[in-house]
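One structure coming up, written as C-alpha cells, with questions to follow.
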Amino acid sequence: MLTVKSVHAYYGGIHALKGVSLHVAEGEIVTLVGANGAGKTTMVRVICGLLKPSKGSIVFEGHNLLSLSTEKIIELGIGLVPEGREIFSTLSVETNLEMGAFLKRKDRAFVETMKELMFSRFPVLKKKRKQRAGTMSGGEQQMLAIARALMSQPRFLILDEPSLGLAPLIVKEIFSIIEELRAEGKTILLIEQNAKAALKIADRGYVFETGKVVLEGIGGELLEHREVQRAYLGRGTTKIWEA
Amino acid sequence: MESRRGKISKVNWQRILMAIFLIFVLSFGLIWSERGTDAKDKEPYKIGAIFSVTGVGSFLGEPEKKTALMIVEEVNKKGGINGHPVELIVYDDESDTTKAALAAKRLIKKDMVSVIVGPTRSGESLAVVPIAEEAKIPLISCAASYKIVTPVSERRWIFKTAQSDQHAVEQMYEFMRNKGIRKVGILSDSTGFGASGREELLRYAPHYGIEIVADERYGPKDTDLTAQFTKIRSLKPDAIINWSIGPTQILAVQTWRNLGMTDIPLFQSHGFGSRKNLEILGQAAEGVLLPISPVIIGKLLPNDHPQKKVTVEYANAYETLYKEPVSAFGGYAWDAVQLALSAFKAVGNDPAKIRDYLEGLKNFVGQSGVFNFSPDDHNGLTKKDLIMVEVRNGDWVLAK
Amino acid sequence: MSIMEEFLQYLISGITVGMIYVLVALGYNIIYNVTEVINFAQGEFVMLGGLCAVFYYESLHLPLWVAFFMSIGTVGVIGLIFEKFAIRYARSQSVLTLIIVTIAFSIILKGSAMFIWGKDPYSLPAFSAGSPWMVAGAAVQRQSLWIMGISLVIISGLSIFFHNSFYGKAMCACADNPIAAKMMGIPVRRMILLSFTLSAALGAAGGVIITPLSLMEYDRGALLGLKGFSVAVLGGLGNFWGALMAGIFIGIGESFCAGYISSGYKDAVALVALLIVLFVRPEGLLGKTK
Amino acid sequence: MNRKNLPGFLVFLVCIGLFPVFATRISAIQHYLDVMIFGGIFGIVAIGLSLLMGYAGQISLAHAAFMGIGAYSSGILTTHFNFSPVPALFLGLLITAIIAFSVGVPSLRLKGHYLAMATLGFGVIVHIIFSEEVNWTGGPSGLVGIPGFGLGDWKLKSTLQWYYFVWLWVAVSILIALNLVNSRIGRAFRAIHEDEKAAEAMGVPTARYKVQIFVVSAAMAAFAGSLYAHYVEFINPGSFDLVWSIRFILMVMVGGIQSIWGSLLGSLFLTFLSNEWLQVFAELEILIYGIILFIISLFFPDGLFPVIFRFLAQQLERRYE
Amino acid sequence: MNEASEIPILEIRELGKSFGGVEALHDITFSVPSGVIQSIIGPNGAGKTTLLNCVSGIIKPSHGKIYFLGKPIENLPPHRIATLGISRTFQHVALFKRMTVIENVAIGRHSKTRSGFLACTLRLSSMRREERDIFTKAEEWLEFVGLSDEMWKEAGSLPLGKQKLLEVARALAAEPRLLLLDEPAGGLNTSETEQFGDLIERIRNLGITILLIEHDMNLVMEKSDYVVVLHYGKLLATGTPREIKRNPQVIEVYLGKEE
C-alpha cells in the first residue's frame, strides 16, 4: 500500500532521516518505534508532504507522494492523528470533527452519519460536543484527534504517538481502539515510544535510531529483541538487565 | 583581538568609505570643470515659483502652476520683457514645509531667481518667509494668512496677492449687517485655512455688532458633520458660516441641506469659490452665500468695473487652454506673476529694486482686486476686492 | 431644538459613523480569523471601493447597483493579488517586515488612486433619493439607514459564514492550527487568499455605501483604517458582534465628543480607547487560549 | 570609538568637513548645503530609530511625533516663555524623555502588530494635540517667530554655520550610537531582537532595556526636532504626521535596518531623492516611495544599501585577488 | 570542590504548575546537592522542560517553592535568577543566530558586567577595561568547549553539534553556580554525544553543579551522580543511576507495562 524507499530528509539543519526504507501492506498494523529524536515524527511529516525529502521516493497505491501537496495526499485516503494531537483548540468538539471530514463536505448526510458514528464510538465526545476542544483533558483530546482522523473514512491511518503524555488507563483504552480499527480492516501506521504496547499489537515493526532503521521484523519477535531494549535504555543498561 | 574582530565584518567599511570619498571628490571635480559654460547672449529674467502641485493643497497649487506657465509662455512668445526672455522655474512643495523651505533655498542659490512667486499655502509660505528675508529676495505669496505680511517691519521682502481672510470676513459681516443678521454660528476645519478664518471671524464680529453663538470645529478628513450642525441648529443662529477647505466644505453644504436647515442661510468662505464644487453639489448648493474673488465672476461684473477686462481675458485664455474653469487660486498666481513681470519691465531684475518698486506700486489691476501697496501694507487689497455672490441654478449670481 | 432632540441627533449620527468603522473593522477581523496578520492597507480598500464605484457609475454610466458590485469585485481582486504576490512571501519574514509590506502597499494604493482619480473628492447619489426622515425631531438621512442595513446584513452573513458554514469553519481552523488544518486536507493557502479577498471586498462595500454620505477622495483611507482597527481591537479581534458593539460605542463617543466637548478632539476618542485597551489588558487580547 | 570604526569615522569627518569647500564654490550645488542640513537633522532621527528598530527589534510609528514634541517644546518655550534656545532644547529633551517613558512602559509590553498600532495611535493623538491646542501651538497654521539657534549674543547665522552645527551633532549621534552598539548594552539589544527569552535567561533585563532604548531613541528624535524648529523658524503639525514617521522607517530600511552608517546614508539618500532627484516625478513621488518601500521590504528586508555594499565589496575583493 | 556541601544548591518543594486545567507538574519535591551532576529523565510530556523553565524563571509555578542556595527564587524574573548564578541552555537551540559566535558568549557575560548606558555611550575607561575582560573570558570559554576556530562565524551558520556547544559556552560565560542543560545531546550523533559527556564532566570539575535533562540513557547513566525520574508531572523515583536502572516502575514507564 505504502512504499518508502531510501528517504533522506533534513529538519531544521539536522539530517533527520538518513536513507529510510519501509513498506506497509494493506490491512497491516506497522509500528515505528525508537527513542526521541530518532526520526519517527519526521518520517510522518515526510509521508504527509509537510516536509519534502531531499532524496528518495514515497509511493502510495501507485501515486508518487513527493509531487503532491498535503491536501492532495490526504485526499488519497490517508487519515492522520498528529503528534501532540494538534486539535483546533478554539473550536468546538463538533466543529473539530467536521473539519476531519472537510474533503467530504459536499455530502452533508455522510458527514452527519460519520459524526453520529464517532459519537457512539466515543461517548465522551458526544457529551462535550459543544465545548471548546481546548478545555478537554489530554485523553479526551486524543480521542477527538483519532475521531477527527476517522471522519473522512480513511483507508490508511497514521497515528503519531497516540499515548504520549496520557495516563496508563487511557493508554490502554487507546490501544484497544487501535485494535478495533484493525479489526475493521484499516491499514495502520503506528508511531510509538511505548514499545511494548505497540509491538504487541503490531504485525510488523521498524526500530529507528538517529534517523536510520536499525531493525525490522515481526512485532512479537522484535519485542524480545535485545536491540529494542538497547534503543530505549542505552547500551550500558543491557548488562544490568541481564544481571 | 580588535584586528581579529575586524575580520568578521562582511563589509570592508574602510575600503568602501574610501571609495565613496574618491567618487565624491571626482564628481565635484567634474562639476567644477563644467562651470562657466553657461554664458548666454541676453540674460533671462528668472522667476522662481513654489506651488503645492501635489499633496493636500494640490487643488490650489495645480491651477496656480498652470496659470503661471501660461502667462510666461505668452510673454516669451511676444519677445519677453525688454528683450530679455523670462524663465519660470516651478518647484512642487508637495504641501510640505520642509520641501517648501528647500525649494526656496534652491531657487535662491542654484537658480538665482530675482523674485519668488508662492508658496501656495500659508504654512509653507510662513516657512519660506525667513529664507526670503535673509536672502533679500522678494517673495510674492499666493496664500491667505495675514501673518505672512505682518508685521511689515519684519516682512520687508514679502508680498502677497490673495485677499486676506480679514477682507473676506469683513465683506461677509458687512453683508450680514445690511441683512439684519445678528447671531451667527461658525464652523471651521482644523487646517491652517480654517484656523486662520476662525480667528478673523472671532476678531471682527464685535466690529459689526455680530454675536457668535456657536464655534464648532472638525477635522479635514471628517466623514460626518451632523453633530456640529445639530448643535448649531439648537442655538438658533440667524446664519451659519462654514470656513473650511477641501471635501468638508462640500460635506457641510450636504449636511445643511439634508438636515433641512435651509431656512438658516449658509455662508461659505471665499475658498468655496470653485466651479468644481458646484458641479459636485448640483442642486444642493442652491442659496449658499460667499464672498468671491472677482476673477471667477468676470462675466458678471458691470462693464465699468476696472477688473472687467483682465478677468474676462484671463478666464477665456485659461479655459481655452486647459478646458477647466478658472479658480481664485489661479487668479492669485496670475497676480503674483504679473506683478513680477511689471517689476521686471520697470526696474529690471535687481531684487532690491523690485522690492522697492512693488512697495510703491499703486492701482495695479489684477484678478483678485486692485492692488495698492504701501510700506504699511504688502497685500494692497481691501474688503471691496471681494464680491458677495449667491449660488442660483448651479451658477454664481451677485448677491443682493 | 430641545436637548432631547439634540441628544437623539448625536446618537443617530454616531451610530451611522460607527457602522462605517464596523465595516472597516470586519476586514481586520476576517484576515485575523484566518492568518493573525494585521493589514495596514485595510483603510485603502475602503477608499478604493468608493472611488471604483464612482468610476463605474460616472464614467461607464452603469446603474448604481451594478457599480456597487463591480467595485466590490474589483477591490476583492486587488486584495487577492496583494496576498498572492506579497503577503505570501512576507509571512515567512519577521513581523516587522510584514508590517512594513502592508504599509508600503497602502502607500502604493494611495499613490495610484491619486494618479488615477486626482485629488478631488467624489460623490455618488444616495441609494434611494428623498429628504431625510424626521424621528422625534432628529433627522435621519436615508443613506444612514442603508449603511446600517447593509452593515447588519454583512455582519449577520459573516457570522453565519464563519460559525455555521463548513467553509467558514474551515477558515477558522486555519487560524487556530494551520498545520493540523493542512493535515485534514484543508487548502490553507487558498483559505488565506480567500480571507484577503473577502476583507478587501468588504472594505470596498463600506467605501461604496459611505461615499454618498461623506464623499471619497484618495487620502481618506489611513484614518478610516486606524479607526476600524481601534474598533476591531476594542471588540476583540476576530469577534464580529464585538466589533459591532465597539463600532457603535466609538461612533457615539465621537459624536458626543464633537457635540458636547470639543469637535477637534473627536478623532482622539477611538485612539485613546485603542491605547487603553492595548495597555490595560494586552494579555486578554493577545493570549490565545490553546 | 573602538578601533574598528575609527577609520570610517575619520573618513566621514573629512567628507563632511570638505563638502562645503566644494559646495560653496559651485552654484549648481550650493543649495546642497541646505539639503544636507535637513538630511542631517533627519539623519539624527534615523540613527535613533535604527537603534530601536534594527538593534532592539522594536517598531515605532511615533518618531515623527517625538520629533514634533521636541520641536514644539523648543518653539513654545522660546516664543511663549522667552526661554533662550539652549535651555529650551534641554527642557524639551527632558519632556520628551518623560513622555516616551510613560508611553514606552505599557507599549513595549506589546509585540509586533500591536506595538506598531499602539505607537501609531499615540503618534496620531500627539498630532491632534498639535492641531488643537491653538493657544499654545498656533494650531494648524503653525507656530511663527521661533528664534534661530544661539546662546546669549552668539547666534547661528549663515547656512555654513548651520551646516557645521547640525553635522557636529550628527557626528556626536553616530559616536554615541556606535559606542552603544559595540558595548554590552548594544549586544544585549541585538540579543533581545533575536530571542527575547534567551536574552532574559542570560541575565538581560529585557523590559528595562527596551524602555531605555525607546527613551533614548525618542530623545534623539526630539533633539532633531528642536534643531529643525530653530533652523526653519517655523513649525506646523504637518511636519510631524504619520507620513513622516513612515519616511523615517523608510530611511532606516533603505540604509540597512541594522546599520548606523546605513541609516544616515538612507536619510541623506531619501532627502536628496525627494527634494532633488525625484522632482521630475512630482505627482508620482508618493507612488515611487511606496514601490521602493514595497520592494525593499519584500526582497531586501535587511536594507538596500547593505546588499549593494556587500556586492561592491565582493567585486572589490575579487579585483584584488 | 567535588564533595557535596551542606546546604543543597537547589531545593524544590511541592512545586506545581498547571496550564489551563492540565497539570504539568504535580507537587514535585527534590533537591540538588552542590557540585554534582543530576539528571532528570522521563518520557515525553512528563514535565521535565516545564520544571526547568520554572527554575530559570521563564514560567511562574502555580504553587510551591524553589530555593537557590537557601533563597526563594520562584517569584524572581529570569534575568534576576540568571544574575544570582543559574545559567541554562535550551531544548531547541536558542542562540542569537545572526550574531557571531564570540558575541553570543559575550552576551553570556551580561550578568557579570556592570557598565551602564552612560559608560557605554562615552566609552569610559572602566567600560573599555570591562569590554576587554568580556572578550578575553569569552575566548577562554570558547576554548574550553573547543570552538576557538569558529569565533568569528555567524552563530546560525554552525552545524547543530557546534551550536549546542556554543550554547554551553554562552551559559558558562556567566560563571554560574548551577547549570541547567535541556537535552544537550538531542540530535547529536554518537561521537558528538560522547564528547559532550566529557565536557559535562569537565564542567563539573570546575565546581559547577549540573542539572541535566536528557534522553540519551548512556549519557545519563554514565555521567550522573543522581537521577530524578518524572512521569506525568509526578516524581516517580530518585536515586543513583544504579538504583534507577533496577527500579521496576522506571522500567515499566520506559518499556510499557507487561500485561
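We call the chains A, B, C, D and E, going by the order they appear; numbering starts again at 1 in every chain.
Here is the rule we use: a contact is a pair of C-beta atoms (placed from the backbone, for glycine too) under 8 Å apart; a residue touches a chain by one contact, two chains touch by 3 or more.
What you see is a predicted model, and the numbers here were worked out from it, not measured in a lab.
Counted as hops between touching chains, the shortest connection from chain A to chain E is 1.
In this assembly, A is the chain whose CA centroid lies farthest from the centroid of chain B. Comparing the CA-atom centres of all chains against that of chain D, the greatest distance is found for A.
Chain C and chain D have centres, each the mean of its CA atoms, that are 33 Å apart.
The centroid of the Cα atoms in chain A and the matching centroid in chain C are 43 Å apart.
Separating the CA-averaged centres of chain B and chain C is a span of 36 Å.
Averaging Cα coordinates per chain places chain C and chain E 49 Å apart.
Of all residues in chain E, those that touch two or more other chains are 20. In chain D, the positions touching at least two other chains are 2, 131-132, 283, 286. Multi-chain contact residues of chain C (touching two or more other chains): 114, 262, 264, 267, 289. Residues 1-3, 5-6, 9-10, 12-14, 16-17, 20, 114, 119-123, 131-132, 134, 138-139, 141, 210, 213-215, 217, 219-220, 223-224, 255-256, 258-259, 262-264, 266-267 of chain C are the ones that touch chain B when the two sit in their complex. Put simply, chain C touches chain D in their complex at residues 37-38, 40, 86, 89-90, 93-101, 103-112, 114-115, 222, 226, 229-230, 233, 262, 264-265, 267-268, 271-272, 274-275, 278-279, 282, 285-286.
Every residue of chain B that touches chain D in the complex is listed here, in rising order: 2-3, 5-6, 9-21, 24, 28, 31-32, 35, 53-54, 91-92, 94-99, 101-103, 105-106, 108-110, 112, 122-123, 126-127, 129-130, 145, 147, 190-192, 194-196, 217. Against chain A, in their complex, chain E makes its touches with residues 20-22, 43-46, 159-160, 186-187, 189-190, 215-222, 232, 242, 245-246, 254-259. Considering their complex, residues 2-5, 7-8, 11-12, 14-15, 19, 22, 25-31, 34-35, 38, 131-132, 134, 139-142, 144, 159, 232-236, 238-239, 261, 274-276, 279, 282-283, 285-286, 306, 309-310, 312-313, 316-317 of chain D touch chain B.
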